[in-house]
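Okay, got some structures for you below.
Look at the two complexes coming up: subunit A is in both, with subunit B in one and subunit C in the other.
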Partner chain A sequence: MAKVTIDGHTIEVPTGTTILEAARMIGGPIVPPAMCYYSKLKTTGGYCRTCIVKVSKGSEKDPRPMPKPVASCRTTVMDGMEVQNITSPDLLEARAGVVEFLLLNHPLDCPICDQAGECHLQDLGYENGKSKTRYEFDRREFEPIEIGDKIKLHMKRCIHCFRCVKLAEQLTPERFQGMLNRGDHSEISTYIKHAIDNEFSGNMIDVCPVGALTDKTFRFKSRVWFVNPEDAHRNCSKCAGKARIWLKGEEVLRVTARKDKYGEAIDWICNECRFDKKKTSDWVIEKPTHIDRHSVISMNHYESLKDLKQDVDKQQKQLVNKKVNLGQGALNPNNSI
Partner chain B sequence: MLTNRSQAVAKKEMTLAERLYLPAILHGLKITVSHFFKKKVTIKYPEEKREFSKVYRGTHVLKRDEIGAERCTACGLCAVACPAEAITMVAAERKKGEEKLYREEKYASVYEINMLRCIFCGLCEDACPKEAIFLTDRITPSTFKRGENIYGKNKLVEPIDKPIDISARQTQAVLEFKKHKEFAHNKVYTEKQLPNKH
Partner chain C sequence: MGRQLLIDNINQTGIHTLEGYRTYGGYQALEKALRMKPEDIVAEVQKSGLRGRGGAGFPTGMKWSFIAKPPGVPRHLVCNADESEPGTFKDRYLMQRKPHLLIEGMIISSFALGANLSYIYIRGEMMAQFHILQNAIDEAYAAGLLGKNILNSGFDLDLHVHCGAGAYICGEETALIESLEGKRGNPRIKPPFPAVSGVWDRPTVVNNVETIAAVVPVINISGEEYAKIGIGKSTGTKLISACGHINKPGVYEIELGVPVEEFIYSENYCGGIKDGRKLKAVVAGGSSVPILPAELILKTAKGEPRLMSYESLGDGGFATGTMLGSGGFIVMDESTSVVKNLFNFTRFYHHESCGQCSPCREGTGWMEKILRKILDGRGTIADIDLLWDIQGKIEGKTICPLGEAAAWPVAAAIRHFRPEFEEYVKNPQNIKDVKHYYRLNNLQEA
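Now for the complex of A and B:
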């Protein structure tokens, strides 16, 4: 066991735990953002550098600080280590620089991109980035690539996180895709555009943190905030069949894996569930998916009537406390509006 | 008690002058006749038009860019910003050869604003990242049928030959931003260098 302090929160974790995992055990705003690290996939992490943290004390035995920010997803904790994330202004500045680099070649075509609204790069840029670009040159341009008949790859949006490559290596028996070229020229490819036809290839859409890999069956159908996510399941012979369906009225516009609060898939789902089961009658709906109310997707998304009532009551109480001058009748719960 | 203006009803016997009614009628006529000589409060619309405020918010327009391609990409931000939920749209993918019609690879095949719902707050033009939708100084005319108030693209998209001036609605910051031609948003395409990437 090792004792680690992150932004003043101390936790004891098993030896060999990474700083990022330790931070996730604590939870809250001190968890560093991660674009390439994926806890469900092995050997991910270390590419994007968004999860950098400052180690102000190396360990109990060797208290010297680490000379520069370290990637928390790849650095394991030491006993007595002290880590600074949001409490260090220098680090936040460094992270803003990382975000700027990630966005150098990103086309910022969010109004067109199907990922907008649930994109990790949008969140990252919003929370850690700068609102202006200093880049004056033309951004990289690629023709979109069709990966099979259900997946589209927009290489111009890719941030080279390697998640889809690791997924192809680990979830499917043969290796199907990889990175071509180097540095500024690197691009994800299926190598001579081999179609990927594996039962679980669709999961690369879910692991992609940006809109580079998108579902062609959902392409331009709707914006994510106009569809209603519900947890649903079905009997599937290939996967657990536990998925999230995105409804618009009676129509299932798309099916994705269920994701945890760090945006990672809880269960992989097969391509049949993802691409072919587009009727409400194919699914047993369990409950509305929990959506954070700061997300744009939470618009018109009600999870339970009880919570809604509690929310309204809370807001009304706040209004009364603020003594907002709305007239006598407006705050009276007996007055129906 | 709902208001503080209510008064108790007093049942008083009317005086002779009140019972005659004639003084009251003459008093009313005096008011009527006096209005013949006052300045008229109405105007003969549409022959005459009142002066509009510079920032008057009337009927929307969907703008085209310099070569006449529609700027709207059906991103849905206007619809999500709309407090009255008046805007709906259906997106479609631009095909090869339509680059002159639509600026981006996605466009709105259906774009509808329900003018009965619209409260002309202008949040849609605030939300628009593509400078596609603007409110103009045109009045939304009243209609005989409800359905006529749902404006589709035929009524909203500006005619190619008659561009609608919206410069009064652009803030100083926007005009400054538009000077930066290196941003794809502000790029002026000639017919030869149309972006044909899909």
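Now for the complex of A and C:
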């Protein structure tokens, strides 16, 4: 066991736990965002650098701070380690820099992107980004590629998280896709437009944090915040059959895996469940999905609205307090403001 | 001239052959080493104070002592001959002229580390040197210096020279290992470090060509004797590949601690600046180390003469100092444009970025575009500040040191030569760039 303190919250975790996992055990706003790490897939993480944290104390034995920010998804905790995430302004500045890099060549075509509303990059952008870009050059362009008859790849939206590559390596019998070229012209692609065709290939749509891989049976059908997610199941010979169906009226617009609050699939589902079972009668509906992600998609839910109301109230109160403080400061003749 | 331990007799005819190398005392260190215990060789290297010659300057003996030794698991030694840092060409020279020095060093080092299978990973562009090394290895096998039971010592070693496909990033040790395993040369995320899990997931030491070659004189003259050469913690000799506006460009072996001024102006080394012009700036250790203006490279901020050593060049941190790096000594005279030079470096790093992690993938391309804009005379003062900001956001946030290598030159050029950037912005009509006209008018160059 190792004791680790993240932003003042101390927790004891098994040896070998990563900083990010420890932070997720604590929960709340101190959890670093992660675009490429996926707890269900091995060797993911370390690429996007959004989860960087500052280690202000290495361990009990060696208390020296680490010289550079580290990727929390790939760094294991040491006993007595002290980590700063949201309490370090330098780190937040560095993270904002990473977000800026991620958005640099991103087309920002959210209005026509199917991922909008459940896009991690969108959320990350709202949380850390600035409203204006400092990039004035042409953005990277790629033609969309059809990979198989059910999936479409929009490379220009890709942030090179490698989740789809790792998924293909670990979940499906063969991996057809990989990275071509180098540097900022690198792209995820299949070998000479090879179709990706296997029973679990659809899961790469779920692991994609952005709108690069989209479900062709759902493309342009509806914005996600107009559809109602419901947890449902069916008897499937290939997978657990536990899925999330997205309903508009009586119509099943799409089927995805159930996801936890960090957007990670709980159970992988097969392509038959995902692409072919599009009737309400195919499914046994359990309950409406509870979404606790801070995102546009959760705005349909009363619970979230309640939270939001509290949030707004809190912020307003703070604002009022600030004004009062400022007012007093201004009135005070000893204050040089 | 100081002592020469690596490039002595390098111009003798036939030294590239086994016979010729033996005539000048070759493989004596190997015979001596095979009579020693492996841990004594490691101790000898530790005593010598030899530091990694590839750029970082990490003590070699300490690196060797870190290698994990789980029972029953083979260990490997990999020689990093992927020398691709702009300005550095010392290893190529050494491998071309004295391939057996490297092979002898490889056998001794493998013996010290207990490795029975070792590799030399050579850069794809160095095809000529690849063949020279391969011939030398064949000779060594025929003479019983490689293979089973080397010189009746009971030690077996197979040595392979592996040719890369020509990527700068494969000089980073974990990318090199990936490439050696036959994969795409992407740096691995550390930990685990190669000393625990390297080639084929086995404990591995990766050393630069010059480091491994320097093990031979360490054994020959003993570690204590080697430590007497040099100054302070910078012991021994170092190959410096000098290029740029100097009268005598080439590879020089110096005893660490030679004053920079002497190195540039002495007839024994660079022979002064070409055409009697004035020194403007020096990139002291390959393109990725910070550039220093003349007054800071000759004297430290405290006014002491700067020496060619790890400590003295690093004096003052990055504010007023630089690094010895890999020894790629690029001298620029007063006619050089630092902005154009920086553009050239940045273009290189943009081209060589592997594309795994976001700051380096996006940042290097962005910096290149901004520099091109400034060179075209379309830049603004805000662009210079933006460059400064971008380099700060790349540095230290990346998987491997390529991010830093791309950020440091930009930071140093702006830190020391900001007025020159401003001149490009304020008076674009003064830019004398042939390509400028073509780029501005979107024309293909002839």
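Going forward, the second predicted complex is superposed on the first by the 294 of 337 C-alpha atoms of A that agree within 3 Å, B and C clash if a C-alpha of one lies under 4 Å from a C-alpha of the other, contacts with A are read in each partner's own complex, and residues count from 1 in each chain.
Keep in mind that, in the parts below, contacts are C-beta pairs under 8 Å (C-beta built on N, C-alpha and C of every residue); 3 or more make two chains touch, one makes a residue touch a chain.
Note that the coordinates shown come from a computational prediction; the quantities given were computed from them, not determined experimentally.
Chemist: After superposing on the shared chain, does subunit C or subunit B touch more subunit A residues?
Modeler: Of subunit B and subunit C, more residues of subunit A lie in contact with C.
Chemist: Report for A:134: first if it touches subunit B alone, second if subunit C alone, otherwise both or neither.
Modeler: second
Chemist: Quick check on the superposed pair: does A:46 touch subunit B, subunit C, both, or neither? Answer first, second, both or neither.
Modeler: A:46 contacts subunit C only, not subunit B.
Chemist: Applying the touch criterion given at the start, work out whether A:68 contacts subunit B, subunit C, both or neither, answering first, second, both or neither.
Modeler: The answer is second: A:68 touches subunit C but not subunit B.
Chemist: In the overlay, answer first, second, both or neither for which of subunit B and subunit C A:111 touches.
Modeler: first
Chemist: A:263 contacts which: subunit B (first), subunit C (second), both, neither?
Modeler: So A:263 meets neither subunit B nor subunit C here.
Chemist: Looking at the overlay, what does A:288 touch: subunit B (first), subunit C (second), both, or neither?
Modeler: neither
Chemist: A:98 in the overlay: touching subunit B, subunit C, both, or neither? Say first, second, both or neither.
Modeler: second
Chemist: If you look only at subunit C, which of its residues touch subunit A in the complex?
Modeler: Interface residues on subunit C, with respect to subunit A: 167, 169, 184, 189, 191, 350-359, 361-366, 369, 386, 392-393, 396-399.
Chemist: Quick one: which bits of subunit B touch subunit A in the complex? Just the residue numbers, please.
Modeler: Result: residues 2, 73-77, 79-80, 91-93, 104-106, 129-130, 182, 184, 197-198 of subunit B touch subunit A.
Chemist: In the complex of these two chains, what residues of subunit A are touching subunit B?
Modeler: On the subunit A side, the touching residues are 107, 109-112, 116, 136, 141, 143-144, 219-223, 225-226, 296, 299, 329.
Chemist: Across the complex, what residues on subunit A touch subunit C?
Modeler: 45-50, 52, 67-69, 71, 74, 76, 94, 97-98, 100-102, 104-105, 134-135, 137, 159-160, 162, 178-179, 181-186
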